[in-house]
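Next come the structures, one after another.
The two complexes that follow have chain A in common; it is paired with chain B in the first and with chain C in the second.
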Partner chain A sequence: MSAAAASLTSPRLRRGLVVPLLALVAWQVITHYKLANVHLLASPSAVLKSFVVQVKEGELFSQLLASLRRDLSGFLLGAFAGLLLGSAMGVWRIADRLFGPSFDAAKQVAVFAWIPLISVWFGTGESAKIVFIALAAFYPVVVNAYQGIRGVSREHVEVARAFRFSRLQTFKKVVLPAALPSIFSGLHLALIYAWLGTLGAEYLLAPAPGIGNLMIDGRESLAMDKVLLGVLLAGLVGFSLNALAARAEAYFLRWRVRNA
Partner chain B sequence: MAQVDLAYKIAAADDAVESAPGRSGAYDYRRLLGRGVGWIVPALTLALWSFASRHEWVASQILPAPGAVWQTLLEQIRSGDLFLNFGISLGRVLVGFTLGCLIGVVLGVAMGLSRRVEDYLSPTFNAISQVPVLGWLPLAMMVLGIGESLKFVIIAHASLVPVAINTLKGIRSVPRNYIEVAKAFQFSRSQLLRRVVFPATVPAIFVGLRYGLTQAWLSLVTVELLASSEGLGFMIVWGRQLFQLDLVLAAIIVVGVVGLLLDRGLARLEKRLLRWQPVWDMAGGGS
Partner chain C sequence: MSQSAVIDIRDVSKQYTVKNEVLPVLERLSLTINPGEFLSIVGASGCGKSTLLRLLVGLDSEYQGEIQVGGQRLIGTSLDRGIVFQEHRLFPWLTIEQNVGLGLENSPWSSDKKKQAIKEHIELVGLTGFETAYPHQLSGGMAQRAAIARGLVNQPSILLLDEPFGALDALTRSRLQGELQTIWQREKITMILVTHDVDEAVYLGDRVVVMQPRPGRIRKTVNIDVPHPRDRSDPTLKALTEEVRAEILQVSPVN
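So, the complex of A and B:
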């Protein structure tokens, strides 16, 4: 408690709070004096009330859980496939030559453009959503795994050769550790893209419980509080996934000597 | 603070991804022409695809023949529909992207030069950028309707965040010894900014711009899929609704080509504008 009080007096925090507080006051004033279309713009207090109700009802958790499950299944699928292709292209020159150009070409298409096609091939249900999320997660993992492996310094590989490491040993003891930071960057990015993809999939494919769906529903019934709740949750989930990825990265790469 | 670091880190990771296609892409391209091995996979896919559609392994509603896609593409070009929709999409991206870049650079410069401005703005900025662009879409649709302003705002927002973050990062990472040299020469503050800080920041800004443009294109397609009655994204939705997958595939090809051209165009501009510079590690000291 005292720590919180102490940090409240710090100028940084006080300054940081100015803009959000001003926005909040302006929002309340606008809705209170009906300066804008009140049907659309719910007052902050109304939104807060609706938050409390929604959380109490517990329906929110099932929505959140549904989105997260989808997100993680897609991420795992995409990351696994991405690691396979990325490392194959990194390790075997022939795989790089065969698949590299096709992959580069496919990567150029803004990923959401595939959704209508996916909806024809996989339906509009859960599997289509997961396939799409996997696709969104796939690209950054491939690029980073490939780059990480390709970026391993030649000297290190030569040392391994001098020690007469087998191919497998070289990969396990030299290439993989050197490529790991880049691979983790790819996974981290993939997590972000997967979440973006989850929202997009929920907007564009058949309705099913989820945060994106909550927002689309809210928009259609002009329930601003629901939409704002969705925005908040989308941000929170994005933030938590980020933080989690950063933690995991720091943990798994803790053996590294920091030279930056 | 941790959030800002995180944002930098993501931006840095993105830089790595962004700088990759530029380098490896060009490399692959040369290789592709030189050895032709890269054509094997597309050629096999195409062969299998046309074989499958000729023998009707799959219904043509689900997978139209490659020839049909090509015909549709030509037809769309001839009738002018493609250029119409393409023009509309491109116009939206240019307006939104320009808007986003301007605001992003101003924000980044302001936060980069003044700790006080950073203290005021960065918590709000970080909070806003934590929500994925698409997370704002339903809210923006409620407030702005589904007209042109919606597209501009979403695209501007998509490009604003990376541009601002990279500008801020660029200003903060101007080498200290440059500034010391400038001080030794008794540069005034405006001289310092014009001659030292801004030139040293340009590469970082360009990383932001390129990433911002990619994001802008991605968001445009999504917005058009969801709420539009014209543009390339709408062509895809329209084709899907009519179950004309040849139209969908043709539009997807165009989306890919335009995305590629936009990225390469900006890369070329970057090279031209940075000609004066000695070789610089754009990715910001990556591995």
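So, the complex of A and C:
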């Protein structure tokens, strides 16, 4: 049995599916017996139909692709910048002293509060969206890279000193691997924030193809099936990204003690 | 590696400053350790024995006096002085053979020779078969064996041991003490063992240095003239153990 198949039949996943399935049944019942206004709450079957139509028209795929591309570009940009700043602050005291306070102050500002500035500086097009997503991904990466590097144990660094490691060797062989779990947590969080940021950017900046756009379209034409489809897709993509990150983490950090 | 060298500790003092108060840790300590000797340093906690060992490793260079190895002032760490800490300090992200290989990271040897040395030292400490295991998969005793292999792998002429068996259960401890003795006899290198375990100090040492605290200094040096390999039930060994124990108890009757 493959690992994926094993996880599908695991009791944990089966129990995790109970609530969504019940919600689906309740949703179908409510819409079927018109317990709620069907203009405001489309039925699951309507959403499914909308899904099929959109897939057939090829629109869904291109919208999803546009969002994912945007998400990934922003994530990569933000994660890269975050790794640079976080590592610099972790390794060099002077960088910590210089940037630390400003960073701490800046991270108190909710990312959405940057939107007015971003739209002035970068317009409301694709680059503004990517900058916004990058910013959302940036913070957790900086914080976790910094903490991971600062948290490297003195005992391990002493071993490196005893074996006369150079600064570069110490960084590559001791500091980086020791910080890796924390760095991964940061990247994992960044992946989630970037996806949230993607929808935020699509909603708050100029309309362009994407899942956010699908939802705006739906809202404006009161096509609730479209809106709900967007919500479900956003959730599913987020869920998948999260699962993917967890897989990658488990693989790269397989040396860790399993505390299952 | 180079020939074993004499370690000469001359008038070494060290103090810590805690909240503007000067706390003497070592006071005018002098000691000469001969090549190939097994020297045990024993004392109650706080007598400065671990501090002294850190100075010998070269991890701490703030002290007064002079430490010479082979006639040269000791500056910084050296690949010629291996170290085994109380905690194994293996890197959890590396396998056992990679951990042992850390000692060869800056060695000029060819990669074949490195591989051979890693294999031999894993064998020496009895961990054959665990080369690709991660530290968390090993017991405390096995992890400490790996740490000993790591300390020895580049064939230093001096091995420093800072309470290496302090965290192990009694059974594992005595087994590893026996193995350490065998290794020492085989490798013919200088070993300096810091411990608070009197039996261990006497069982292994050619000489036992008894330290006393506040400030840390040498109270007495006891020669253990019993040939290796030793038998724990040897009456001379037992008598000497009691002698050393009595010295320590006199120093710190309160503890």
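Here is the rule we use: the second predicted complex is superposed on the first by the 218 of 260 C-alpha atoms of A that agree within 3 Å, B and C clash if a C-alpha of one lies under 4 Å from a C-alpha of the other, contacts with A are read in each partner's own complex, and residues count from 1 in each chain.
Rule of thumb we're sticking to: a contact is a pair of C-beta atoms (placed from the backbone, for glycine too) under 8 Å apart; a residue touches a chain by one contact, two chains touch by 3 or more.
Remember, predicted model here, so these are calculated numbers, not experimental data.
K.L.:
Please determine, from the superposition on chain A, whether chain B and chain C clash or fit.
P.N.:
Result for chain B and chain C: fit.
K.L.:
So if I put the vertex at the Cα centre of chain A, how wide is the angle out to the Cα centres of chain B and chain C? Nearest 10 degrees is fine.
P.N.:
If I round to tens, I get 80 degrees.
K.L.:
If we overlay the two complexes on their shared chain A, which of chain B and chain C does A:256 touch? Say first, second, both or neither.
P.N.:
Only chain C is touched by A:256; chain B is not.
K.L.:
Does the superposition put A:219 against chain B (first), chain C (second), both, or neither?
P.N.:
The answer is first: A:219 touches chain B but not chain C.
K.L.:
When the two structures are overlaid on chain A, which partner does A:143 contact: first (chain B), second (chain C), both, or neither?
P.N.:
first
K.L.:
Considering only the touch criterion stated at the top, classify A:159 as touching first (chain B), second (chain C), both, or neither.
P.N.:
Second partner only, chain C.
K.L.:
Mind telling me which of the two, chain B or chain C, contacts the most residues of chain A?
P.N.:
Tallying touched residues of chain A, the top partner is B.
K.L.:
Check the residue A:173 against both partner chains and state whether it touches chain B (first), chain C (second), both, or neither.
P.N.:
Second partner only.
K.L.:
For A:98, select first, second, both or neither according to whether it touches chain B, chain C, the two together, or no partner.
P.N.:
A:98 sits against chain B, while chain C stays out of touch.
K.L.:
Applying the touch criterion given at the start, work out whether A:125 contacts chain B, chain C, both or neither, answering first, second, both or neither.
P.N.:
neither
K.L.:
Quick one: is A:207 in contact with chain B, with chain C, with both, or with neither? Answer first, second, both or neither.
P.N.:
neither
K.L.:
Please provide the least distance in Å between a C-alpha atom of chain B and a C-alpha atom of chain C in the combined superposition.
P.N.:
Across the overlay, chain B reaches chain C at a minimum of 12 Å between C-alpha atoms.
K.L.:
Taking the stated contact definition, name every residue in chain A that is touched by chain B in one complex and by chain C in the other, in rising order.
P.N.:
In chain A, nothing is touched by chain B and also by chain C.
K.L.:
Flag every residue of chain A that touches chain B in the complex, lowest number first.
P.N.:
Contact set of chain A toward chain B: 11-12, 15-20, 23, 40-41, 94, 97-102, 104-117, 119-121, 140, 143-144, 146-148, 150-151, 181-182, 185-186, 188-189, 192, 195-196, 199-200, 203-204, 212, 215-216, 218-219, 222, 224, 227-228, 230-231, 234-236, 238-239, 242-243, 246, 260.
K.L.:
In the complex, go through chain B and note every residue touching chain A.
P.N.:
The contact residues of chain B facing chain A are 6, 9-10, 13-14, 16-17, 20-21, 24-25, 28-29, 31-32, 35, 37-42, 45, 61-62, 116, 119-124, 127, 130-139, 141-143, 217-218, 220-222, 225-226, 233, 236-237, 239-240, 243, 245, 248-249, 251-253, 255-257, 259-260, 263, 285, 287.
K.L.:
Under the definition above, what is the set of chain C residues touching chain A in their complex?
P.N.:
Going by the criterion above, the answer is residues 57-59, 76-79, 81-83, 85, 87, 89, 91-94, 102-103, 105-106, 134, 136.
K.L.:
Okay, in this complex, where on chain A does chain C touch?
P.N.:
Its residues touching chain C are 155-156, 158-159, 161-165, 169, 173-174, 177-178, 180, 253, 255-257.
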